[in-house]
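Quick one: structure below, then a few questions.
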């Protein structure tokens, strides 16, 4: 393989730039040409493609966002759209593709692989909801963004009889809320995987109130519902003054943490190695602290699971 | 004067601890005894008072919140409540009082001054809405918290056709939103002092959309309305996908910036100097980069004004 | 077991407070009494011991340093000193001990275990040099402190023909330098495990200079030598203007990252579990993303190894 | 005036990009063409000049460094070099120039003004050593970088009998060290303006040691001498274990604070206003919280003074 392409797709996450850098430099190290495809699959269809050099990825390892941008592409979901994409791959002589993104992005990678264009998926999302990897690129950064916000709330929380609800991202996964709640000693954590715990939260708040506890912080995963709604429900149920913070897209940006940069560098390089070895239709990941790769279809079939023991631990430590 | 007290009152702000430290150490430097009054005016009524030593304020200059806590006190608003407070002052032999907080807190200080207990107000609030000072303690820190959040949103904003609304604090004042908007190059800023600009915001968004602008960030002061409501109104008016971040109480916490620590140290020390000079019923401040003091009543009568030139500048630079 | 003690020993690291909190709350959750021993082994000898309650560890999960302090104790190295320590354990009725620290601290834990006082070691050091665990508490925070510093240097580096040497901690281990260098795209990394690479660094600098490269960042582990000496040696060998940053003890402090807080919480809780199960003389750790425990003697016999593949990767990506 | 140029010169400072953005956008707002001159005066000589558009300065307000780079130019110091520069100005039709930098940069601006090319200086340096302005662009950011480093040292300092020396930048000015020391409650501050205080520092350390003080932090301005030398001198004089941190070029980088971004935006815009008003040979600044401008020669003749009252205050509060 002498020419490969790289694109980012879906919601962006901090560390994607570090992954792009690793793909580009590792490819050049192995004497391959590497092309950046801008705006995800739509850019592939549109031929928004440029050859990357060592300098193209200088000074980006520390930047949030993605220099290749991302975009949704309804067109790529059609057979016709994919034919256009393949025409562009042929035009540029691109033989293999590295796709950095989430499960939706991997579906596209699988389609192209079936057409004879080997693709490797690199898991980049703050949600940490990709099976086959213990961590996704961006999760650690988003997590630190969340806990820095909660730390600040905690500073001011100590002097007021108030309940603070912090709504965090994560789509259908509770990892971000769970880790943040554990890392910040939140009094309660509400995640989609245990959404029935709302009554338990109310009970804990009432018990706390009775024994004079002045303030509580509740971390709520967006997959459970809206922070503002929950704030109102809590107020109705307990009569406690409740304040809501919606961290929103602050969680998607920021300079990636060391851990995300290292993970992105390792996974990006691993993806290049797989293409060089002739592999196709794989997703790279880190499991048990080792670099691994799995069949894309396998990944898409599996379901990500939250660590129940950590959930239990968070309850034991927030007594 | 040989014995003074210090309390924090109202909403807390980063830098209050640095102010407390300055009051305590400056007092001790001048061979006075200094008492910390916990939980604001309510703590004064309840006699929640402790003698402070040099070590009592060690390792706090960098901490958010206030080690003296704050609390609302309905009781202090009654003549009866204030009599109780005075009884405590007499009991501890406290001759003068330094009150760190906002305008509500200064009203209490004025009452006690009238009763013969000289008080000095130190402006501590993130809202920057106290007349007689160019900056209040906590404003700079809150401002940096806001721009760090917007920086993160900007990282991820570049690749999606979206409008981001960021709701920031400030009560009836637009300073926090205005400075943050200018500092972060926000496309539009909505502040209570120019709340009629909503139509202008919509116009700018539409024009931007027409010339292919992909994303816009709008900073909204809470005094104008709810971020979620404005997000909906924008979506209705422009059909642009809109995302809302509500920074909430993250803006009240965090380690104070250098500027807030220095300001708090200078103002706290100045307040002690005033008591030593026999002054009463004054509020300290920084104006034109110089330490000043004003009559409390004068401060309470005046109205804080936002800098109109900066508002104009922000529009010129966000073309 | 109904009464346990906890102490921190050796150089402190961010996350130790989170570990203390976990030990205290997990113990109370299991209806045990838990005693904080201040100033490490010396405090144990001196009886500097206090009963901890849930509130004793409130609002500390996010703080750097250790609320229990640490200290060296020459006295504890003598049989006589250890007898005094045991007398204190008996006096307070402490049956088991959790020791948070590095290998030196574990040696003490082993001695007490042999005397019939079961001890569990929790690896807390920024150096990441403890065998039997993939990560030590504090490493991730120190790593992020380092990369934030290098990010800042990189901002200003781009416009000057200069070589920047950044000296980082790590004692005899190169992990901190290696991970930081990889995470920040450093041009060269000098670690004790490959200290002979100095000539290679010079070669890379010269080649870079010849092809017009303006600036380079070199991360140097303190185990290799002094940053200032290396700066001089580089200047002598290449005639490049060289600037040196010595991060020093900034790397030991700071609010722990989410990852360190979660790791500390899990390891602290695991240590309590082991005591409850009747284990003694064990060190807890995280390996392959799973909580594990090893015999202390085994840990003290092994040698920590740096990840050679990551070292190679850093070279491939910094071409 | 229809065409102006902008360059950055000397040591870079955080906020220079925000100033460039303001110059570019304010110029375009007033229907002028604006040219970016890369690599300072040397780039002017070399004709390294590009027309700037609104988009040229998008997404840079939050970035450290300068997108226009800086460079030293020995050539520009000669009459011949300056003739080449003027030839380039004529070639591009540039009528006026905005120079962002320190006093050395302003000397060049004065020379060009004398030749009939009106120049306006914008004070950008972390040293805060430019007369005619209370603050220079970059000072606030560097200050916060320093205090965040000292905060971290303080976290770990509490448990060891040690003296920490932190060497900070500032060339011949003590502002950075003084403000940082005051903001962080340093036990001693050594600045060029009071370099004779070394004996006083030793006295304070000895007194502290005698009354059981465990640790001290000393902030040392580079203008006084090398941190490592002072560390050794302190050790020799007091026998206290001493650790040294050299923050180096970390102080020159980093995302600018809100305050620096706002200052840079206002000063950059003011400089454009002055050119439009037909002014020449001026330096803009902020004094007493108001935008001002002074004759360049006047600025070059004056001497920056450190605030002696703040120095005194720092001593009173660090008792």
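A few remarks follow.
Per-chain numbering from 1; labels A, B, C and D assigned in written order.
The rule is simple: a residue touches a chain if its C-beta (ideal position, glycine included) is under 8 Å from a C-beta of that chain, and two chains touch if they have at least 3 such contacts.
Listed by chain with UniProt protein names: A, B, C, D = ATP-dependent 6-phosphofructokinase.
Note that this is a predicted model, so its numbers are computed, not measured.
The minimum number of touch steps linking chain A to chain D comes to 2. With respect to chain A, maximal separation of chain centres occurs for D (centres as means of Cα atoms). Averaging C-alpha coordinates per chain places the centre of chain B 38 Å away from that of chain C. Centre to centre, using the average C-alpha position, chain B and chain D are separated by 28 Å. Each chain gets one centre point, the mean of its Cα atoms, and the points for chain A and chain B are 35 Å apart. Contact of a single residue of chain A with at least two other chains is seen at positions 151, 154, 158. Contacts between chains close into a ring here, every chain touching precisely two others.
In this structure, the chains touch in the following pairs: A-B, A-C, B-D, C-D. Chain A contributes residues 11-12, 14, 39, 63-66, 69-71, 145, 149, 151-160, 164, 228, 243-254 to its touches with chain B in the complex. Put simply, chain C touches chain A in their complex at residues 21-22, 25-26, 28-29, 54, 59, 61-62, 134, 140, 143-144, 146-147, 151, 154, 158, 179-180, 182-185, 255, 257-259, 261-262, 265-266, 269, 287-290, 310, 313, 316-319.
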